[in-house]
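Multiple structures are listed underneath, in structure tokens.
Presented sequentially are two complexes of subunit A, the first with subunit B as partner and the second with subunit C.
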Partner chain A sequence: MKPEPNNHLQALSQAIVQGLVDEAGPLAEKALAAGLPPLQVIEQACVPAIEEVGRLWEAGDYFLPELIAGAEAMKAAMTVLQEALKSSGQSLKSAGRVVIGTVEGDIHDIGKNLVASMLRASGFEVIDLGADVKVERFVETAEREKADIIALSALLTTTMLNQKRVVELLVSLGLKDKFKVMVGGAPVTEKFAREIGADGYGESAVQAVSVARNLLAGRGGNHD
Partner chain B sequence: MFDIKRLTEKQVFLLDGAMGTELFRAGLPPGHCPEAWNEERPEAVAGIHRSYYEAGSLAVLTNSFGGNALKLAGYGLESRTFDLNFKAAQLARSVCPEGRYVGGSIGPTGKFLKPVGDLTEDQLLEAFRPQVGGLAAGGVDFLLIETQYDLKEAILALRAARETCSLPVILTMTFNLTRRGYYTLMGVSPEAFVRAMEENTVEAFGANCTLSPADMIGLIRIMRSLSDGPLIAQANAGQPRVGPDGSTFYELGPGEYAGYIPELVEAGARVIGGCCGTSPEYIKKIAEKISAFFDKID
Partner chain C sequence: MNKVKLKFLAGAKIIKAEASRGQTLSRVLFRAGLPIKLYCQGRGICGRCLVEIKSGRLPEETEAEKKLRLERRFPPCFRLACQLRLHQPLTVRIPDDLLLLPEIKSLAGRFIGKDQTWLRDYNPLVKKYVLQLSREDLSEEERLVSAIKSGLGLKQLALTPDAEHKPKSVGASRRQFTAVIYDDRLLLHLEGGRTDDRILGLALDLGTTTVSARLLDLVQGKPLASASVANPQAAFGADLISRIAFAIERPGNLKRLRRAALKSIAQLTEVLAREAGVKTRWVYAVCLAGNAVMNHIFLNQPVDSLGRAPFRPAFLSHEPVPASEIGLRLNPQAMVFTSPNLGGFVGGDISSGLLYTGLPDKPGNYLYVDLGTNGEIALKKGKKILVASTAAGPAFEGSGISCGQPALPGAIEYVKWSEGRFKYRTIGRKKLSGLCGSGLLSVLAESLRAGWLLPSGRITTGRSEIPVAPGLTLSQLDIRKLQLALAAIKSGTRLLLGTAGLDWTELDGLYLAGVFGSSVDPAQCIAVGLLPPLPRRKIIFTGNASLAGAEMLLLSGEARKSAARLPLKVQHVSLAEQENFQGEFLKALSLGRRYWRKNDV
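So, the complex of A and B:
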């Protein structure tokens, strides 16, 4: 008996929620082989699944290993599905382009990596500059890559002030309106984000995704 | 010989407070490797140790928190791992008063074991071995494996320590207070942690960093309900704040912080110290509280 299309979507969705990295790709292929359009698979299996992973993390049911596994499974499925889209002459509209990094003086990258993988899993194009990134490099890269968002991570109270310096540089170059700036990291708070003139603050990697979406809601990406 | 069980039988054993906070205050530029200062600015590092001893610390922790080979590789200093740790131990030893102690600080690598990250167990062991070797050769009395969030990494660090030297090892993990209770970033519960520590016969263990003293009390109570061993508690000075002039500080002052100490001791903590945001002034206030409440401890 031929399985129903819904079963394919459900199986893939479950594989992502459970972080079954090795199974997500083959399940995406099976869904395509059953005649499901790649976009439908993305919208009805992948996106709800990664949102569920995020919900479980926020609720405290999932910890870092489960969150990473979910994002990796999502990536495996998306690789298959994007390839299928490409060969059918379609492409997935990017959710936005993000330049991300940990600010100068700070080599902590666990939180930043989490945000980058959640953004990627949620359809953003992410340019990851790594850790200890100079203020100027964020701005230069954002300009060159025609980014929509600059995302800044800091783990130390001494380095969070470098998030402020990025905003200041954007203001002094007259580029503040061109990019949205979002900040995060252990010592960073909503209040601090407002005080330094950042456009958004995410308390967790999951929140960062909705913050990024909200920042770009109602405006077309720079690169379209 | 450093015997933490004996040392905590009739007293609270007082460690030191933050090292990073003090290094920045002494002028460590952001982005500079803190352990490199063991060679470049030995007098600054030794000065911080001295001020903690003067404040009442029975032991100070060496400036080697990020001194594993994987973390030092971030500064291109991985080949200096043994030397920088050796120097860290020597510096603390050089200012250690008679009858006090030096603990070798061993922090996490910041990388993840497979499948979450790319690291193999061997790579982790290799990262810790030269650090342990340097600290032991430089003359520490014990090792403190601290701020761990992954039980597997913590146990591997313990293994590297025990394979490399015969020093006593004590261990802390860092817990967050989540909606469902206390867990580390990787989802380790206090129950799983205590079980692992007892299985591995770690002489003293507990928690440090992230939690405020108030939240730390709740965690120590849970651990005490699971274990009779000497528990370690090193809380942060609350949460970091940004002042109107753009400077950053922690919300709890020395007096406020010390105010929580009697309850922390009553909850079961026997090894106490500070973490992020604390300074010699905090240790001094804690030492005063401890001597005032000394009679209350059985």
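So, the complex of A and C:
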């Protein structure tokens, strides 16, 4: 008996929610083989799945390993599905381009990596500059890559001032309106974000996705 | 034939021993397991190692003994253990306070095992010698120094640069003087008359949260009083990074932090002196163990470099500094030094802790873990020591946890799941007020066992909290914070082991220092996965190892030598820059013993 298309979508969705990285790719292929169009698989299996992962995280049921596994499984499925889109001459509309990194003087990057994973899983194109990134490099890269958002991570009270320096550099170059700046990291608060003139602040990797979406929807950041 | 039979009376014990002909008594005592305090290191000048010959034929006196007997007029049956050479059978009484062993017991703390004795020698940092000096000796500085140097048999002797207290200023009419010597190399002062029974040392642990101090009698080598007080710098920031941020923010802030620390040290010193019935001006030496940020502030060094990668300290070790220069009101000639820094976040608190355990000079593989807001880990393998720090956050100190609190009376320090409920014990058996670090760890371990918690850290009950005691629950968010704190230590430990190419099964011992009080149960530490599942006997709790280490640096010359060598042996590892840091950290978030299972193929 041929499985229902719904079963394929459900199996893939389940795999992503449970963070089964090795199974998500093959399940996406199966769904395509069953004749489902890639866009439908993305919209009806992958997107709701990653949203469910986010919901479980926010509810406290999921923790970092589950969140990352979910994002990884999503990535595996999306690689297959985007390839299929490309060969049929279609492409997925990017949710936006983000240049992300941990600021100068700071070498902590687990939090930043998480945000990058969640953004990617949610359809953003992410250029990750790593940790200990100089102020100028953020701006140069954003210009070159025609980014929409610059996302800055800082894990130390002493280094979060470098988030401010990025905003200041953008202002002095007259580029402040060209890019949205979002900030995050353990010592960073919404108040601090507002004070330094950032456009958005996310408390967690899941929040970061909705902040980024809001910023590009022209509705402004969390604190607008 | 060439052996001499000896009988030692020590306390209530009679110990029989044999010596080779011509050996000194102090050497034989050391061999017989009765090491004694050799104040002048066996040079026969201090006259402090007097033992009583109860029976046997007395050997001839050495020149040193003759000279001392003339001066001090003790009866002929009293002899210097460092000078007396054995040729005939003797029965010797060893005064109790001459033995090194009782101090080992009282100083070594409650948890460190008996076999972990650390006081390998007795050589206080400051010593006093009573001298007869002639008018000529006192006429010239050079002559005086050379007279003292040869009189004391010292290889070198320099004067403190402090001109106001040059020994010349002592009234020349008196003939008897007491020379105050620092580290067998520096003449701090020449005091008129006999003052050699008054020498105190101050051991300090300047912690981010708590300042602890212990006053020591450097003549007897015994602690007189201890006390601690909350670090008043907390008003300028709770953790180290926020203190650095504050210090950098505006000129003058570093000074404010420094003044706050000095004020609390002055208060503690006053309290201790009062309690011990002594004067603060009898304190001639201070040893401070503090993390790098604390000792930078203490010594008025810039902290900027400690607040950003690569987190380099401005100094590792330093020459002793006059206490008057620091701003501590003790003896005007008192000197201060700090236990060496080993890296930006591996400071003097860790070096002193390591010295306390004796780990740097011990054969074998050892791990040293200090649990605090900043978790420090040291791994000794062969001759090398790898050190690293990891940001565990304040969860172990009960901070940021809904029902958490510091380890004070009333805090739950231990729980056991039995008959369907948590049975708990509070510190001092006082009325329940919250959970401290060891209690939190205990709840995690027992919740796992009772099935309240999954290894992923999720509460299984379908509820969002674990009821621990009436009115006291641990929330899912609390557990997440504890998981992060545990993971920082666990992953750091494994990465360090990996860097050294060592498996935890190859460890000869693990020292656990820091905030956990007496109550932490090693089995529970293993059950939550904080520590690798080593046999119980290999896990050693050190208590406040930093303070004990500072104390040891004041009392033991070997410890000071070891401290001087330590920075050269140490290699600092930056955990966050390790390639597999993230993977290791994520794996370490799971609770339980599984993390330490071998997964190599």
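Operating definition for what follows: the second predicted complex is superposed on the first by the 217 of 224 C-alpha atoms of A that agree within 3 Å, B and C clash if a C-alpha of one lies under 4 Å from a C-alpha of the other, contacts with A are read in each partner's own complex, and residues count from 1 in each chain.
By definition in this document, a contact is a pair of C-beta atoms (placed from the backbone, for glycine too) under 8 Å apart; a residue touches a chain by one contact, two chains touch by 3 or more.
This one's a predicted model, so the numbers in the text were calculated from it and none came from an experiment.
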Clash or fit: what happens to subunit B and subunit C when subunit A is overlaid?
clash
For A:Phe192, is the partner it touches subunit B (first), subunit C (second), both, or none of the two (neither)?
first
Return first, second, both or neither, reflecting whether A:Ile68 touches subunit B, subunit C, both chains, or no partner chain.
both
Go through the superposed model and pick first if A:Lys164 touches only subunit B, second if only subunit C, both, or neither.
first
For A:Trp57, using the defined touch cut-off, is the partner it touches subunit B, subunit C, both, or neither? Pick first, second, both or neither.
neither
Larger contact residue set on subunit A - subunit B or subunit C
B
First (subunit B), second (subunit C), both or neither: which does A:Leu156 touch?
both
Quick check on the superposed pair: does A:Ile107 touch subunit B, subunit C, both, or neither? Answer first, second, both or neither.
both
Shared contact residues on subunit A, subunit B side and subunit C side combined as an intersection?
60-61, 63-66, 68, 104-110, 131-132, 156-159, 187
Mind pulling up the subunit B residues that touch subunit A in the complex?
20, 24, 29-31, 71, 74-75, 110, 112, 115-116, 178-180, 183-187, 210, 239-240, 242, 246, 248-250, 276-277
Show me the residue ranges of subunit A that touch subunit C in the complex, using the header's touch definition.
60-61, 63-66, 68, 104-110, 113, 131-132, 155-159, 187
Within the complex, subunit A is touched by subunit C residues 237, 241-242, 244-245, 248, 307-310, 391, 456-458, 464, 476-477, 480, 483, 574, 576-577, 581-582, 585-587, 589-590
Where on subunit A does subunit B make contact in their complex?
21, 59-66, 68-69, 104-110, 131-132, 156-162, 164, 186-187, 192, 195
